[in-house]
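Pasting the structures in now, so scroll down.
Below, chain A partners chain B and then partners chain C, in two separate complexes.
Our next item is the complex of A and B:
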């Protein structure tokens, strides 16, 4: 447990450093706001008041953070095996597609608990299927996983579009490209306001993955591969197999996020369901230097910024996407900090 | 080349360098004169590199001063070049995608690089002929072996017209036996042309013939400086380098050899018509027929890069052979994976541990269980505390001088990494050890410890394939010898019944008068 102790002991100092670089990004964004003729202080005050100041706002942050946590942790798993999986977007979409299909098929036919479990499994299978394809490309044909997962995001988007325009289109939707609503019995139970049990599942999954990576024998071989694949090969580790499993887990987590989004938030699938979640989750993982424990925090930060982006639109007439400038600045600041760490 | 013959070009007074609490160098006093070869000898970690980096201005000294032509100077690499100090680094500062000519041009000071290309090329060829340093200006650096790269580096420094003092950092470590001879010849010629030369090395026997002054560096302090007039005594100098205790021990190789009885020993590895291919699926060594027995050391001589890497990697299972069969203790392992070979007792010491073994961010003990010590599990996790205790108790770990096992392996010096990886390989008493250059780059004392460790494994019945370029090592250690050259394995030879001259000829020319 000494590593955990060390982790907790150094946590305040590291968080302090992170706060400093994030602070720099916040200041830079304030300059941008000033250039736009907006008072940054009031914008920041509004952002915080409307997210952390009300129980509704806090709930929204938790709901938004749920998929980010799962995707970020999934990205960490593959990253530890030395793979850059940028496919959270597509794996999330396939997970959502598989789970919504399962949900529409199940309907009211079985007890809520079993129905939801089946839906979640379908989501995980969908995500794992999509990342698994990229894994096969990597292992069998040595294709760069960064490129294949990225390209497959676009394919997944088109597949989802195809189904919501065709087979899965809600007949009562006046031709809107969306599926019917899933049965009420398949919606995730709520624990607080609109917040569902999804956030709890996500946190549990994250902790489990963190334990698996840092404590288990499998996690050890994973880290060896990520550190130096050659050394793993020399140690008799089956590099391709471990990488393949890491890809499957990574995609399953993103697909799981898709299922939770369907079951707990959207209750149906649209073309736009979860657009950009995959990239934001990837962002969260890299902000955390692919440490799944830290990724929980960074995912919540991204969740907070996403919700706060809406406030930006309302209170300052800037498009909500302007918040992405702040996210990018934060990421750059953190990467900069990491660069200093390495050169020191 | 200015200044009188008697005044030193460069002088240091009480030069000291500290890294935190660690003193790398202290009270270094050197005087470097023109037309002289000054060798600085010391074992790994004695502080040679630190000293040289201060001379060239890469490190700022913590104390003391550097005088050039008698005036105290704050050194920077730019200042060093201006003052005529040239440095030939151990890890060359060349750009692989450029030709030799382009690399040299790039390194020249602005006013010298501005001349006509044709003249510069002419000067390169002049220098390379004068000092017998064959360099093809139009060859790309990535096509060159290490010896050729070093020659480019040397020409580069000599091209700067101000150069009058050359510092060489472990120059012979990348050179073959014959190249070393040529290198020493070149040094003599440079000296007679008035250059001042500083040679930093741990290979005492190579410099003893050409040096004018030898300084011994030990634990960061110059313990002795001897001039040629006073006479060099090899044994005294070694004792000064190593400390008395190590020098007193004499290895008895012959006795270890007698312990091996080829009649009684069982076969460990049998290769039949085995063919090795490289990354491009070209055959690099064909038709190998070899048998290695328990407790036997088979020495494999050859100039590096003749397929040795592919040979051990194929035996270890990292590569598939083109054809042929491999048997381990009677069982067919030709198509078995690395994992099952490790389980069967095969261990590999890589020629480049940094590339093949070091996982950044992981500690020594975490490396030790990688294909080494058995992993102790606790539930689904790993019980690191038991592993650490067992490593602490291991005499092998202590004999080989493995540093504190909590340190990150990546942060250790090359020699320390090598020793740690040897300890890891020997820890589980392998039945077959594939040792690629286990003593390359190590100092004399450590080489002896490495040899002793290998001989102990041999006594326990381990079979060892020893890949090396060092003929002394091969003749001392091996029960049988073979040579890799011309895509073939020549041999076997019994070391007592052949000569190093014959083996050396085979290494260079392959099959000639056999």
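Our next item is the complex of A and C:
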């Protein structure tokens, strides 16, 4: 309890510092816009009005944040075990591929609830399979997981492309590379406007993972390994096993995000489904210094920026790459600030 | 004939990766990993293209590209060395920044064409059977890369400067004890890396493809970082991985042109799978030669 109290007590000060550096990034981007002959004030006003000013906008932010939350929390789990999993991108894609395959196979053959659960399980298996491969490479062959997960992202993209252009291509799509739409019974129930229960599931999963890391025995061994792998070895912890499980959970969460995206947002798989989500989720986790509770917040910030970016394209005639620049600046600002030192 | 064009393609496509591997090798030798190499490369490719399109002079474009890439790397250096920010996260953010900036500023150059560098045939040498055309009928940046690799080897292994440079990546206290500033050496290493990656990017845009499209570096920077590990942090071995990657790219394009019944997506996987296999072989065969300071980066993720 005292930990929580301390967390809350220092929260305003820490938030204040973060707000200051993020503000600096926002000002820097404003200068950039001015140089492009665009009025930054109207751009920012537009961004806020269209995202937080309407219930539709808020809904969009929640929808967009869902995959970022899951991927970010997944990244936190592996990071606690001392592993850098940059493979959210590929694990998300494999999750989406597995779940859409399951969905097309299931069709209308079973009650909605069971169908959706199966679909989500397929997504988790897809993601865990992809991260598990990297885990095996790490544990059995000592291959650096940062490099393997990064490279496997590109392989996953090609695999997804292959399937949407071949076996899974919608025969009625006039050669458009996408799968058929999944059955209506397999779409996640909506709770508010276009927002599905996906966001609730993501939040629950995030809290569950946070509890698991901070309260369970397994979470303890996880943190020991992340602190010092040698010490963990001497303490009789099976480092490889814990790392492998962390990797599987991490990928399963990303795959889960892929399944939710298919079932709740896209309703079919395209080549472009979830492009960059993995990297953004990873960066959300690092912005939160791999604390799953904080990662929820940073993931929502990234979700907000993503939605605002789409608005920018329509209202200010700026290309979508402009928001990529803003995002990078915000991230750099937070990295510049650095991690708050823990008071002993 | 087929082998010859495959080899030519391997060198053409591999040069940009080779330069990136060389650059990232220097960076990692001083104990810093820069995943933002991809961003440096993209910035180099675009700035070279813009200069080339506006002045018509590729020779002027090359130094500009190097400077821009060096500036990108300077951001990385400042963040990870002076601010002690997480190297992997900063690198990834820089990759984002580089790809975003180039997509933004490059959008008006997509339909612009440039002459850039053309292939220069070296007499006699290019007549050597099979390999002659591949090695000695290339663009000037590729010839430059033939010089850069051995020069880097000499610099790193045979000079006092190289010794201090490596020292900064192994044990900064020793460098300090010898009266040198490890911080300065790290900055130099990271910036050199960015400049070489940007040169690779320039080769891609103004010497090899003569086009600019968003995201044209297509993961070459990321692959470059992986290949450094495979080359065991030795610039002399950089060409092996780089040209194999180039050959895989060339093979994939050739097979596609032949209209083979294999999906292009499966072919496009080949280079990545090869890199994975190479990583596998190196990690089980060789003892860890990773610079000590770099090991710390990977060990302190939480």
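Methods note: the second predicted complex is superposed on the first by the 338 of 344 C-alpha atoms of A that agree within 3 Å, B and C clash if a C-alpha of one lies under 4 Å from a C-alpha of the other, contacts with A are read in each partner's own complex, and residues count from 1 in each chain.
What we mean here is this: a contact is a pair of C-beta atoms (placed from the backbone, for glycine too) under 8 Å apart; a residue touches a chain by one contact, two chains touch by 3 or more.
Remember, predicted model here, so these are calculated numbers, not experimental data.
Looking at the shared chain after the overlay, A:279 reaches chain C, while chain B stays out of its contact range.
More residues of chain A are in touch with C than with the other of chain B and chain C. In the superposed pair of complexes, A:216 makes contact with chain B only, with no contact to chain C. Shared-chain residue A:11: touches no atom of chain B or chain C. When both complexes are overlaid on chain A, the residue A:227 reaches chain B and chain C alike.
Touch criterion met: A:325 reaches chain C, while chain B stays clear of it. Legend: residue contacts after superposition of the two complexes on their common chain; A:154 is shown touching chain C, with no touch to chain B. By the document's definition of touching, of the two partners only chain B reaches A:238; chain C does not.
Shared contact residues on chain A (touching chain B in one structure, chain C in the other): 223, 227. In the complex of the two chains, the chain A residues touching chain B come out as 215-217, 220, 223-224, 227-228, 230-238.
Here chain A touches chain C in the complex through residues 79-80, 82-84, 86, 137, 141-144, 146-148, 150-152, 154-155, 158-159, 161-162, 165-166, 223, 226-227, 229, 279, 282-283, 286, 290, 319, 321-322, 324-325, 327-329, 331-332, 335-336, 338, going by the rule given at the top. Of all the residues in chain B, the ones that touch chain A in their complex are 316, 318, 337-339, 341-343, 348, 350, 355-362, 366, 370-371, 375, 377, 380-382. Within the complex formed with chain A, the chain C residues making contact are 35, 75, 79, 83-86, 88-90, 92-94, 96-97, 99-101, 103-104, 107, 214, 219, 222-223, 225-226, 229, 263, 265-266, 268-269, 272-273, 275-276, 279-280, 283-284, 298-299, 301-302.
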